[in-house]
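Below you'll find a set of structures to go through.
Two complexes come next, and they have one chain in common, chain A, joined by chain B in the first and chain C in the second.
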Partner chain A sequence: MFGDYSIGDLGSIFVMQGFAGLILFSVYVLMALGLAIIFGQMGVINMAHGEFMILGAYVTWMTSNLFQTYLPGLFSGYFFLAMILAFFASGALGMLVEWVLIRHLYKRPLDTLLATWGLSLMLQQAYRSIFGAREVGVELPQWMLGSLRVTDSIEVPINGVFVMGLTVLITIGVAYVMFMSRWGRQVRAVVQNRIMAGAVGINTAKVDRYTFALGCGIAGVAGSAFTMIGSTGPTSGQLYIVDTFLVVVFGGAASLLGTIASAFSISQTQSTLEFFMSGSMAKVLTLLAVVGILMLRPQGLFALKVRK
Partner chain B sequence: MNDSRFTSRSELIGILVLAVFLVVILPLCLDVFRLNLVAKYLTYAFVALGLVICWGYGGILSLGQGVFFGLGGYCMAMFLKLEASSVENTKIQSTPGIPDFMDWNQITALPFFWKPFHSLTFTIAAVILVPGIFALVIGAAMFKRRVGGTYFAIITQAVAAILTILIVGQQGYTGGINGMTDLRTLKGWDIRPDHAKIVLYFFEVGLLFACIFVAQFVRHSKLGRILVAMRDQEDRVRFSGYSVANFKIFAFCIAAIFAAIGGAMFALNVGFMSPSFVGIVPSIEMVIYTAVGGRLSILGAVYGTILVNFAKTSLSESFPELWLFGLGGLFIAVVLAFPNGLAGIWGDYVQPRISRFIGVRKPKAGWTDNSVADGAPAE
Partner chain C sequence: MSDETNKGLQSAFRRKLLMGMAAIPAITMLPRSSYAQAPATSAVNTTGLAVTDTEVTVGILHSATGTMAISETGSIEAEKLAIEQINAAGGVLGRKIKFIQEDGASDWPTFAEKAKKLLVNDKVAAIMGCWTSASRKAVLPVMEQYNGMLYYPTFYEGLEQSKNVIYTGQEATQQILAGLNWIAKEKGAKSFFFIGSDYIWPRTSNKIARKHVENVLKGKVVGEEYYPLGNTQFNSVINKIKLTKPDVIFTDVVGGSNVAFYKQLKAAGIDLSKQALLTISVTEDEIDGIGGENIAGAYACMKYFQSLDNPNNKAFVPAFKKMWGEKTVIGDVTQAAYLGPWLWKLTVEKAGSFDIDKIAAASPGVEFKGAPEGYVRIHENHHLWSKTRVGRAKLDGQFELIYETADLVEPDPFPKGYQ
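And now, the complex of A and B:
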């Protein structure tokens, strides 16, 4: 399959596909970060995660429309406000969902899966009723259009670079919150031993609620970033949910580093294969490889060594 | 309650009531079109039945039952499609004698894995064996390594996604997104007219009862009790010297085979098979049928399937907007408020009243030896 290309062409192909893979990687990482917190830390399977992401995307879309109508002068900067709004909208919805639904189900992980799936169906229909069944796309500000020419045969789009930069920042932020802050320490304490954490005076119910809300909020930011590279419809979230779960499981559920490594390897494999075969076969091969590796190594790439 | 018997008296009455309902009442009350709809619902009841064994008793939630439903359905559909694409029927194609979608995709010879499906015997064997062996491989790979619970659910879901993408992508070999349509005859017997639909309905009900009896047998045997023990305290069963993995594999395979029989009946009754019954969404919907019926109740699964599908058909006919809200609400309500489903409501509220009304004194309230809400499966 390499026969028709010269060495230089192949190099460019790999770089360009590698870059396309990096954008996919950013989406995976952003979605998986929230999920890694909710699933990896709390053990809750949130099948509605994609819908929290789409909420962020719709918030971004509404903000861009608002700016276009009322504040056209500030349009080039709307995205930063939209991201913050998306974080709080998804986070607030997450907090509500935790209070109404999830907190009753911590002891029954398989049942959270069914309940959140029901939630995702309801949210999808709500989006369809409110925003319409058609996909919506945001208008990008001028400075995000176009692409950077690296060499003669290699070009990278600016919005892609922006999304990647954003991903790096958010990842660092999450790592800081989880591993450096006092609150992150409380979260990890509750995860490791709920009863003892409660005994030393941590309000575990509150920690649970805010952890879930943080995970959902990050999903909202992911959705916000998602609007930079694709359009949003009521069911867009569902397309990514299985991939994202695989990313988290493949990385080793409790490990943040593992999540990033697995998002990287999955997205790179997929986008490189995509150049040589049809998109669907590339996806099938990638997913098969992941499932195969998981059968050989069920604990994922980076497993914490814990005694059960 | 004496569990060692094959069925207790109340269960026998339940089975009889279901039999009267399906064999006498429904065919008398419904026209052929509606009866065919019930036949379609009942194909899902096979899946729900398997999930009672696998999920309710074994504690293994599989979100990939659509895979087995689809494999069984596709095996059957391949046979029917080959029969429908005889050389006389496909004269206008550039290559006569192969299915129409292959011709559209510039395939000129029948692929090798299609050839054995000329034989009905092989097809029936394949309906059982292909999904069975597939389940065996997945089950052995996962359970031997002690992967279970949520991880297993996610991986089966990924398998469902993979198979759907594969079927849709390989249009020339599988019919792609449209699936296999225009299935006509079974060994020269036309499956499309009304009387054939009625015959197929009764045949399906017969098969369903065969599966119900198998499920009853599993449940009341020592095997069924080990499954329950394993669901509640896996480690203790392992320490007692049982091979937990083998029992799980068995439950998973039984569920897969039931689902495959359902799929094959679907292809016969509905006359087509498509990837929209294989993927993640249908697979998870099949779980909700079981959950609504009561994940521990074999008969409940059948009623749950009929009820949810009936609600789906009538709601989505008249209020398409409301259906997804209804289905979503159903998921949440069943999980939060009625973890034992219809069977739980029946056992907790209806049956005691009936007994009091007739004047029979029940020895004890409660409907089975175990319920889901408090004895949640241990991870």
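And now, the complex of A and C:
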């Protein structure tokens, strides 16, 4: 297969392919983090995760339109504000959904699956009615387009580097909140023993609400970032949901570290295979490997130690 | 959607339309229908279709909800515009067209069910509808069993022909071959890289394209890649394109993947003004989502572009925008959908009857001189004779016409030597 190409060419391609794998890894982590928090810490199967992401994307689109109309001078920086707005918009919607819907279903985890699936259909139709059935094009500032030229033959896409940086920041942020802050300690306490946590004075209902909102907010940021690499339409969220669940379940539902490890292994397998065979076949083999490993280790890669 | 809401909608855009009616020269160009000499219903309708002395009912069957609403909205809009214009010009055999709209909801069994409802309960005289091949395949047995007439607007893979369907879009050889010939000649292209979404239309189209490249153009296909529908990561295949350095990238990626593909192509530093790319899946509709800056310079092979410079199109585009808003864009399929009601009207008038069998028999040879794409004619195989065009995407999301075939291209749904 590679007989016709020079060593130099192949070398650069492998470097770029390595970056492609890392970018895929960042995308997976970014889209799975929010779900890992909600699914892992609360046991809620949130099928509407993709729609929370797309809300972030639409917020980004609206922000870019606002800046173009009223503040064209600051357009190059709008994306940062858009991500913050996306976080709060999706977070606020998440809080509302938790209050109206989810909190009544904590004791019936399988029903949350149905309820959030219904919610995802409702949100899709709402986006369609509000923003139109057609996809919208989010205009990006000039500096985010194009690629960085590392050497003559190695080019790295700027949006990929941006997503990687963002992923690192958010992961550190989430790790800090979950493992260092007082609130994170409360969240973990509620996960481990809800009754005892309540007994020592933690407002578990409030902790639940904010945990759910945080997960949704991160989904919003992910959606905002993905306007750089994907489409923004009423049903675009559906493109991400399967991969997202795959990453979270494979990693072991309750473990953030597991989510990262699983995103890494899936993305590297996928992008390596993609290079040697067609995209569809690569996907099939990746899924086969995941299914195989899950049969041997049903609890996922990393799981909390539990007594059986 | 129920009948009642339909009427509400109808009157809403009728008001809008009336305001702009004076500005639609298309109507005056078309032959006035004979309003006065409306023939007796018993003579023109012998099979019990929904035809009265003053009205005839047709069905519109597209996805207004679900994934496909993105694409099918334009078709619904075009068909409603055509029906309004036909009514304003005197209707069909002196009868106003009334339509019943059903929602296929992007679900193929729903399409079949709704088609049955339209034919059996509503007795519609024709159905304008379907978009994906999957929905057409689901509806086809219903059309044949209950003897209906379907006007299908999308360019598709071919390998089908039915008495009960008129295909107003191009089949694969019609769409692809002229474009490949042009790019081989113009750019001296010898090596091609194919990339498509993984389902029947891209696979069939690429099979035809590969045979043509290898046997006729004596070129080479250096890569052929398929990605699952909805895939959002194309960095690996872009690296392969960089490695194989093809003269032409030939793509039929669809849906949300399309947006991801062009954004990532641009981000990877592939400059479409230097690297030739020929797509058969991007119309003005898709560019709305992709963003003009991400795809400027790419070539698309279609039969219609919104920017076409001819009198029919100059009347059609403003009429469409007047009805559906200044910002709407018109892609290839939208235009093909607009042809449906007109071709049906012309066929009914040629046959002098609404009977399905008579329409099916009268269809070959029916010509429509008012088509926005220019003159079209129905072939014996129920597809359209039409020109093939190559356009180049511009920053503003429109195409600039680069090339068109001198003559109409013959539709060939079962191409010999390409299967």
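Please note the rule applied: the second predicted complex is superposed on the first by the 296 of 308 C-alpha atoms of A that agree within 3 Å, B and C clash if a C-alpha of one lies under 4 Å from a C-alpha of the other, contacts with A are read in each partner's own complex, and residues count from 1 in each chain.
The criterion applied here is as follows: a residue touches a chain if its C-beta (ideal position, glycine included) is under 8 Å from a C-beta of that chain, and two chains touch if they have at least 3 such contacts.
What you are looking at is a predicted structure, and each value in this text was computed from that prediction instead of being measured.
Visitor: Looking at A:Glu274 after the superposition, I want to know if it touches chain B, chain C, both of them or none. Which is it: first, second, both, neither?
Guide: After superposing on A, A:Glu274 lies in contact with chain C but is clear of chain B.
Visitor: For A:Ile23, decide between first (touching chain B), second (touching chain C), both and neither.
Guide: After superposing on A, A:Ile23 lies in contact with chain C but is clear of chain B.
Visitor: On the A-aligned overlay, A:Pro109 touches which partner chain: chain B = first, chain C = second, or both, or neither?
Guide: A:Pro109: touches chain B, not chain C.
Visitor: Kindly classify A:Leu246 by the partners it touches after superposition: chain B alone (first), chain C alone (second), both, or neither?
Guide: first
Visitor: If you stack the two complexes on chain A, which partner ends up touching A:Met62: first (chain B), second (chain C), both, or neither?
Guide: Neither chain B nor chain C is touched by A:Met62.
Visitor: In the superposed arrangement, which partner chain does A:Lys283 touch: chain B (first), chain C (second), both, or neither?
Guide: Both partners, chain B and chain C.
Visitor: Look at A:Ala205 in the shared chain and tell me whether it touches chain B only, chain C only, both, or neither; answer first, second, both or neither.
Guide: After superposition on chain A, A:Ala205 lies in contact with neither partner.
Visitor: Is A:Leu81 touching the first partner chain B, the second partner chain C, both, or neither of them?
Guide: In the superposition, A:Leu81 contacts neither chain B nor chain C.
Visitor: Residues on chain A in contact with chain B in one complex and with chain C in the other?
Guide: Dual-contact residues (chain A): 125, 238, 278, 280, 283.
Visitor: Per the contact definition, I'd like the list of chain A residues that touch chain C in the complex.
Guide: 5, 9-10, 13, 16-17, 19-20, 23-24, 27, 125, 128, 132-139, 145-147, 149, 155, 157-160, 226, 228-236, 238-240, 271, 274-275, 278-280, 282-283
Visitor: For a test of understanding, state which residues of chain C touch chain A in their complex under the given definition.
Guide: Of all residues in chain C, those touching chain A are 64-67, 69-70, 73, 198, 224-228, 230-233, 235-240, 242-243, 255-260, 263-264, 266-269, 285-293.
Visitor: Quick one: which bits of chain B touch chain A in the complex? Just the residue numbers, please.
Guide: 61, 63, 141-142, 145-147, 149-151, 153-155, 157-159, 161-162, 165-166, 168-169, 280-281, 284, 287-288, 291, 321, 324-325, 327-332, 334-336, 339, 376-377, 379
Visitor: Using the touch definition from the top, list the residues of chain A that touch chain B in their complex.
Guide: Where chain A meets chain B, its residues are 39, 43, 45, 101, 104-105, 107-115, 117-126, 129, 238, 242, 245-246, 249, 278, 280-281, 283-284, 287-288, 290-291, 294-295, 298.
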